[in-house]
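Okay, got some structures for you below.
In the two assemblies presented below, chain A is common to both, partnered first by chain B and then by chain C.
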Partner chain A sequence: MRVARGFNGVLMPIKVENLFHTYALKTPFQSEAVNGVSFEIEDHAYVAFIGPTGSGKTTIIQHLNALLKPTKGTIVVDDFVIDNKKNKKIKELRKHVGVVFQFPEYQLFEETVEKDVAFGPKNFGLKDEEALQKAHRALLSVGLDESYFKRSPFELSGGERRRVAIAGILAIEPDILVLDEPTAGLDPRGTTEIMNLVDKMHKNGTMVILVSHDMELVLKYAEKVFVVKDGKILFEGTPQGAFMNLDESSGIEVPEIFTFAQKLKKRGFDIDFEKIKNIDDLILQISINKEKRS
Partner chain B sequence: MTSVTFGRYAPYNTFIHRLDPRNKIILMVLLMVTIFLPFSVWSTSLIMSSIYLMILVIVMLIAKVSFINLFKSLKAMWFLILFLLIVYIFIPNPTYTHVAFSIKSFDVYWDAFYQSAYIVLRLILMICITTILTSTTKPLDLTYALEWYLVPLKVIKFPTHEVAMTISIALRFIPTILDETDRIMKAQTSRGAEFNHGRLFKRFKAIISLIVPLFISAFERSGQLAEAMEARGYDPRAKRTRYRTLKFHWTDAVSFLLIGAIFAGVLYLTIAHKDMNLITEIFKVEVSF
Partner chain C sequence: MNALEIKELSFSYDGVTNVVDNITFSLEKGKFVSIIGHNGSGKSTLAKLIIGLLTKKSGSIRVFECELDEKSVKDIRKKIGIVFQNPDNQFIATTVEDDIAFGLENNQISQQKMVELVNEFALKVGMEKFMNKEPANLSGGQKQRVAIAGVLAMMPNIVIFDEATSMLDPKGKADIRELIKNMRKNNPEMTVLSITHDIEEAFLTDEVIVMNEGKLIRQGTPLEVFADREVLKEISLSEPFFLELRNKLLVEGYQVDKCESLEDLMEYLCQ
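And then the complex of A and B:
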C-alpha cells in the first residue's frame, strides 16, 4: 500500500472555487468553456466527469495540473494554489498530478518503449538508471513484459501503444491520476485491462479522476460523478443518483444495467439502486427479491 | 495558441473584408511597389513613408485589424533595428555627407540613422499591408484568387489547379496542426517537459518530443486525406464548378482606382524627379541637407 505523500507529507484533496475559463480572450475567436464551477474532491477518491462533447470537461481537468490557467477563480491542490498569476512551483505540482490525455498514443516519440516511458521521470530530475527502473515497473504494471522494453513504440498495436503512453504517466508515480477518455477507441479487452489497472492504482491510494463517455464504466468504478453541461456542473453525487435524477436534456445516456433495474422496479421488484454498480450487484438484488417472495 | 494569432483571418464583415480577393492581391502588390519607389531626397522618402503609414493605420482601423498582435510582432524587430544601425554605421559609404559626431577619428554619419530608420519604416509598412490582406481575407479565397491569376500559365501546361489545391490543403491544415501541436505540447508538459525554460539540452529534448509525434500524425493524416479524396472520385484533371464564385463589385473598382491613382502619382513624381520641389514648395519645409 502506497500512501499519498502530498507536498508536505499530508493528503492531497482538490478544491476548485468559482472557476471560469475563456479561450482566446479578447479576440473574435473568444469562447467561454467553463462558467463558474466549484467542487471539491476528497483524497483517494475515484470520481468521474461526465457530460456531452464540448461541455467543458477536458478544460476543467486541464486546470488541475496548471496546463491551463483560470481566467477567474482558483484551484487548490493540497496547499498548491493555481490562479491566473505566474507560479514557479508548477513543475512540482505536475509531479503529483499526472494527466493522461485523450488518445495518448500520439505522444510517443522515443526509439524504444522503455526510453519513452522514462522521459517523464527523467524530466522530473531522476538519473537515467532510476528513471529506467521506474519505467520498467510502470510497463510491467500495465501488462507489458520485458520483451517490449527494447521495441520501438511505433511497431506496437494501438492498444499496446496506449498502454505504453499510460505507463509514461504512471512512471512519474503521481498521487492524483487524471484520465481523459482512456478507453476511447479501444476494443473491449483493452478497455477492461486499462480500467482494471486504474482500479488497482486507486486501491493503492491514488486519487483517480476519470473523464468518460462510457457510462457502464462510470457506474462500475466511480464513487462520485460530476455531470458537466455548458461549462457548469449540473449534478454532483453518486453515479446512480445521476442516472436516476437526470433526464435526456443533460446529454447523459443511462447504462443498460441501470435501465434494466429501473424496469424491474416498475414491475414491482424492490431494488436498491444505490447498490448497483455492475451485473453481479444486479443479480444479487434480484436474488434478494426472490428470497423475500418465497 | 495565442502566439500565432498575428496575421490570422478575423471574421468581421467590413467593406474591406467584402472586397474581391483578386482585387486585394493586386492592391497589395501596388502598395508594396509604391512603398519601395525611391525619392531622390531622404527627407521626402521619410515624410512620404509616414503618410503611407497614416493611410494604412486608417485602413487597419476600418478593417478592424488587431493592433495588439501587430505591436507584439514589431517588438521582435528591436534586434533588427540594432543590427541595421551597426551595419550602416560601420560600413563606410562614400555618399554619406553629414557627420553626426566623431569618436576619435571615426565619423558617425547622420545618414546611417536615416537609412536604418527608412528601412525599418518600410518593413513596418510591409507588415501592415500583409496583415491587412491576411486578416481580412479567408485563406481559401486567397488561393482561389491565386488560382485565377495562374490561369494564363495553363497555356504552357502549368498545373494551376493542382498547385491551388495543394496550397488550399496546406492552408486548411494549418489550424488542425496547430491544435495538434497544442495538444501534444500539453501532453508532454504533463510529463515534465519544459518548452520555455530550462537547460538547452532539456529544451531540445522537449522540442523533439513535440516534433516527432507531429510529423507522424501529419503523415498519417495526409495518407488518410488522399484516400478520402480518391474515395469521393477526386480527379485533378476534371472540369469543376465552384460553390463560391469571386465577384468584382463597385467597391472593388473604387478602391482599385484610388490606390491606382496613388501609385501612378508617386511613380510620376519619382521618375520625373519632381519630388524634391514638391516637398519644398507644398510643405514649405526648408530642406537644408
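And then the complex of A and C:
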C-alpha cells in the first residue's frame, strides 16, 4: 500500500479544471474534442469514463500523463501541473501515471517478451537486471509464466500480446493506472483475467481510471462514473445512478442485469439499485423481496 | 457454388505447434458465417491464410474454385476484402474521402463513378459529415467505420471481419450489423465471414464455426451450436444473461426450469 498523498494535504491527486482540447488547431482539420471539462478524482478511487464513440473520453484521459496538452485549462496530478506551456518533469509524471492505450499490443517491438516489458523500467533508469526482475514480476501477475519470457511477442496471440503490453505498464509500478478499453477484442476469459488483475491492483492501493463501453464491467467494478458526451461531462455519480438517470441519447447501453431489476421494480419489487453490481446481487434482492412476501 | 473451400489446412509459426491444425470446411456463396473461439484459438491466423498474408504449412485453400498460391494470390485478393480489429493500421490517405477512395483508385473506374461510390458508402456507415477530416483525428469507432466503408466500396465477393466491431460502442455495433444486413440484401451473392467473440453477433449469422486450439470443433447453425452448453464452456465463452440468471435461480431453489425467456422468469418471480 502506498502512502496517501495529494497536494495541500487534500487527498485529491487528480484535479482537472476547465479543460479544452482542439485537434489540429487553425487548420482545415480543426475539431473540438473536449469542451470545458472539470473534475476531481480521489486517491485510491476506481472510476470509469463512459459515453459513445467519439465523445472525447480518450482525449480527456490522454491529458493525465501529458501525452496531450490542453488547448486551454489545467490538469494537476499530484505535484505535477500540465498546461499548454512547456512542461517540465514529464518523465517523472509518467512514472506515476501509467496509461494502457487502446490496442497496446500493436506497440510491442522488442525481440523477446521480457525485453519488451523491461523497456519501461529501464527507460526510467533502472539497471538491466533490476528492470528484468520487475518485468518478470509484472508478467507473472498478468498470468504469463516463465515459458513466455524468452519468446517473441509477435508469435503470441492477440490476447497474450495484450497482457504483455499491460505488463509493460505494470512493470513501471504506477500508482495511477489508466486503461483505455483494456478488454476490447478479448474473449470473456481474457476479459475476466485482465479485470481481476486490475481489481487486485486497486485493492492494493492503485487508483484506477477505466474507459470502457462494457457497462457490465463498469457496473461491476467502478465506484464512480463520468458520462462524457460531445466533449462535456453529462453526469457524475455511481454507475447505478447513471443507468437510472440517463436516456438513450447519452449513448449508454444499460446492462441487462440492471434492466431486469428495473422491470422488477415496476412490478412492485422493492429494489435497492445501489446494491446491485452483479448477477448475484440481483438474486439477493429478489430473495429479500420473496421472503418479505411469504 | 462454394466461395471458399478449405481442406486439411495447417499452419505453424514456429514449425512445432500447429496454430491452425488440419482444418476442413467450406463456405457456400452468399452465406453469412461466423467463426468463434477464444484468443489464441487460431481464428485470426486462419483469416490471414485465406487472404494470403501467411503461407500455409500444408493443405489447400480454394477461393471460387481457384487454388490460392503465389501466382493466384493477386487475383484472389481482389475478390476478398478484410477489415481488421485495429483501424489505425488501415489508413493511408489524409482525408476520410480519399481513404475510402483509395482502393477504388486501384480498380480503374471513372472519376464520376468513384465519387458516387465514396459518397454512397460514407453515408452507409454514417461518416458523410466527416469527408474532409483527417482519419488520425477520428475516434477509434469512427476510424473503423471509414475502414469498413473503404472495403465495402470495392464490392468484394467475400468480406472478412476480423473482430472489426470490437472497438465500437453498442450503437456503432448495431449500425454495422444493419449495414452488413443491407449489403447482403442488395448483393445476395456477397459472402461474409465474421470472426467474433460476440455471442449475440454470432447468433444472427447463418452458420457458426467453433475453433479451439487450432482445430475446428463444431460447425452448424447458431441454434445447433449454442444449445450445447459444453461447447460454450470448452471455448470459455459466457452464457447469455437469460441462461445464467435461470441457472442461478435454480440453484437458489426457484422452480424456473420451464422458463424459456427473460419474460418467463419475470412472470414466475412476480407470481
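Observations
Note that the second predicted complex is superposed on the first by the 282 of 294 C-alpha atoms of A that agree within 3 Å, B and C clash if a C-alpha of one lies under 4 Å from a C-alpha of the other, contacts with A are read in each partner's own complex, and residues count from 1 in each chain.
Going forward, contacts are C-beta pairs under 8 Å (C-beta built on N, C-alpha and C of every residue); 3 or more make two chains touch, one makes a residue touch a chain.
Note that the structure is a prediction, hence the values are computed from the model and not measured.
Steric overlap between chain B and chain C is present once the structures are superposed on chain A. In the superposition on chain A, contact of A:70 is made with neither chain B nor chain C. Once the two complexes are laid over each other on the shared chain, residue contacts for A:13 go to neither chain B nor chain C. Contact with neither chain B nor chain C is seen for A:231 once the two complexes are overlaid on the shared chain. In the superposed model, A:24 lies in contact with both chain B and chain C. The partner of chain A that touches more of its residues, comparing chain B with chain C, is C. In the superposition on chain A, contact is made by A:106 with both chain B and chain C. Judged by the touch definition given at the top, the superposed model places A:153 against neither chain B nor chain C. By the document's definition of touching, neither partner reaches A:239: not chain B, not chain C. The clashing stretch of chain B relative to chain C, chosen from 239-247, 257-265 or 275-283, is 239-247 in the chain A superposition.
When the two complexes are laid over each other on chain A, chain A has residues 24, 28-29, 106 in contact with both chain B and chain C. Those residues of chain B that touch chain A in the complex are listed here as 2, 5, 10-12, 66, 183-184, 186-194, 202, 205, 208-209, 212-213, 216-217. On the side of chain A, the complex with chain C involves touching residues 23-24, 28-29, 31, 52-55, 58, 102-103, 106, 155-160, 162, 181, 184-190, 213, 251, 253, 256-257, 260, 263-264, 267-268, 279-280, 282-283, 286-287, 290.
For chain C in complex with chain A, the touching residues are 13-14, 37-41, 44, 85-86, 88-89, 132-134, 137-142, 163, 166-172, 197, 235-238, 241, 244-245, 248-249, 252, 262, 266, 269-270. Contact residues of chain A toward chain B in the complex are 24, 27-29, 62, 65, 67, 91, 94-95, 98-101, 104, 106-109, 119-120, 122-124, 154, 168-169, 172.
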